[in-house]
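The two complexes that follow have subunit A in common; it is paired with subunit B in the first and with subunit C in the second.
Coming up: the complex of A and B.
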């Protein structure tokens, strides 16, 4: 079942992940039972994922994130919205993002 | 804008990370008070830690490394992370050496220490490893005897090879 995403909601990285920009790439390590586990799951984001992730700062509503990205990428709002929602669903499913 | 993509490191291809990246991740994870688990490469700590073993490196917090502990640390001169054993300690300096290395790494300053090896897993099983957060007399015994046992073991291996070649 797809996770419901509210564009009027503010989202932020979970306390249970460590995300770092290393060598121009975002690497996300989920902390499971107090352990960051490189042998289990570790994630990297592509450039688009990184652009979205960096804007999910716990301050902006998701619709504002979409608007900012639409102007930055000069892309139709609907297309950006679809991509952002898909990404947010994916990271929420992995408990890496939480709604405020 | 291309489609956002999240790549996972637990697939068959995995995500290959360099030593500097792993060191940065260890520090970031330790900042949250959590431990970090990764696969050891190399033979410098054989037989205690073998190539491919999974090691857990824990933040030092209030624990002061002591003789016999195995530490993960930044090499002072190279962009390299090593996992070697403490042989001597001095004020905020640790003399370390790989169990299977002919030469010691020398004195490593405390600021280069990334953490303490708190667990070693081999082929899916946890190996006996002294847990410094719950010290016991057995742990102290192990920590005391392990560095002393290594030269004896090396000598026994040499003798075994010698007699094997004689036959």
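Coming up: the complex of A and C.
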């Protein structure tokens, strides 16, 4: 079942992971037990995921993240919103992101 | 929209996706201390655990944190934390947590004697992301403490190992093959096979022991020389299953079987990582501590050391005629462990051939049929034909190779 995402909510990287930048890629390294399905692996984000992750600073509401991305990318607002919700659902499921 | 397509799992256990990027620091080893609570008969580095002078010289907590931070900023994914016994440092937990919070995996080398409930809890909550490596010196008290020369170390180590096992903290084991624990080897292997994280791999049991890395104890060096395996034993071990050995050799093209002339650094030392000793010296590898080849991190940065200093060291050429006439002319360099680090610990320079290493390599080559019983590889002129023949042979049938080459001498 898909996780309910509230566009009026603020989301931020979980303290249970460490996000690093290596060679312009965002690397997510588990910090505590129980992250991911293999604890000894690390994760990267695809280009879309990276663009969204960089804006999840724990200050902006998700709807503002969508607006900012819409002003930066030549893509329909609906498509951007769908991507943002899809991404946030996935990283919450992976315990990499939490709602504030 | 596909499921889970924003997040990509990277399998970094065996290789690093970024390791070929220029100036990328793939791995870093750091010795937190040279002190150890054991006094192993074969050890090339240990100092007494209460060595006040050594302790005084060690990097401080903040200095080690700075090294970790710099390493992470250079892309490092994994730090190997070793010693001496790294758990002797009172600040180990703080340093471990700091490294993990930087997003570094931490590979811990330990004798397990100081593993306690607090550490186990820490590893449970914040896993190292790579199996702890425990060296096991014996399965019985007499054999174990015959090696460690420390009363009570057997019980301490096995209590530590038991704590890891009970709490399912991933660890693997390795050992050293010494006369004192030889009788335990079969039992050790059988026990190791039951450790889930060994994943069916036979544990390593080292037979070759390097001399003192600091060239600080010639009496102990004499003992180490007595304890280390004969070249024949090491050669036999490395070619124990001929098929496996040939398979490994097949991965080398004939391009690697060639004399290296005055090139000293044919290894990967300093190319995508390096080692920091307990006092802040940045080295190409764990062996090479010649004062002219180490970079003082207390006076500069890890980046400067890695990007500027180590590449300069790698350019040093051999000048010793003994090296140039032997190692420089020898076609077996890719199966030989001769290196500046070995020359340093055995002779105190970078380019004196190490007879022990040479003997091992020649024994291996004879076993494989590449050279004859009395031949010296640096005197073999038709080495290209021999390697070609060897390569063809292992492609067709990995069995004994007849060596019909004639011996000739290089012009000196």
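Couple of notes before you dig in:
Basically, the second predicted complex is superposed on the first by the 93 of 100 C-alpha atoms of A that agree within 3 Å, B and C clash if a C-alpha of one lies under 4 Å from a C-alpha of the other, contacts with A are read in each partner's own complex, and residues count from 1 in each chain.
Simple rule for what comes next: a residue touches a chain if its C-beta (ideal position, glycine included) is under 8 Å from a C-beta of that chain, and two chains touch if they have at least 3 such contacts.
Here the structure is a predicted model, which is why all the values come from computation and not from measurement.
Look at A:30: by the touch rule set out above, it reaches subunit C but stays clear of subunit B. In the superposition on chain A, A:20 makes contact with both subunit B and subunit C.
Of the two partner chains placed by superposition, A:56 touches none, neither subunit B nor subunit C. When the two complexes are overlaid on their common chain A, residue A:65 makes contact with neither subunit B nor subunit C. Once chain A of one complex is fitted onto chain A of the other, the partner contacts of A:87 extend to both subunit B and subunit C. Looking at the shared chain after the overlay, A:46 reaches both subunit B and subunit C.
In the superposition on chain A, subunit A positions 18, 20, 22-23, 27, 29, 31, 36, 38-46, 48-49, 52, 83, 86-87, 90-91, 94 are in contact with subunit B in one complex as well as with subunit C in the other.
Against subunit A, in their complex, subunit C makes its touches with residues 1, 4-13, 17-18, 21, 24, 72, 75, 77, 100-105, 124-127, 129-130, 170.
Within the complex formed with subunit B, the subunit A residues making contact are 18, 20, 22-23, 27, 29, 31, 34-49, 51-52, 69, 73, 75, 79-80, 83-84, 86-87, 90-91, 94.
Considering their complex, residues 18-20, 22-23, 25, 27-33, 36, 38-46, 48-49, 52, 82-83, 86-87, 90-91, 94, 96 of subunit A touch subunit C. Listing the residues of subunit B that touch subunit A in their complex gives 1-10, 15, 17-18, 21-22, 24-25, 28-29, 31-39, 54, 56.
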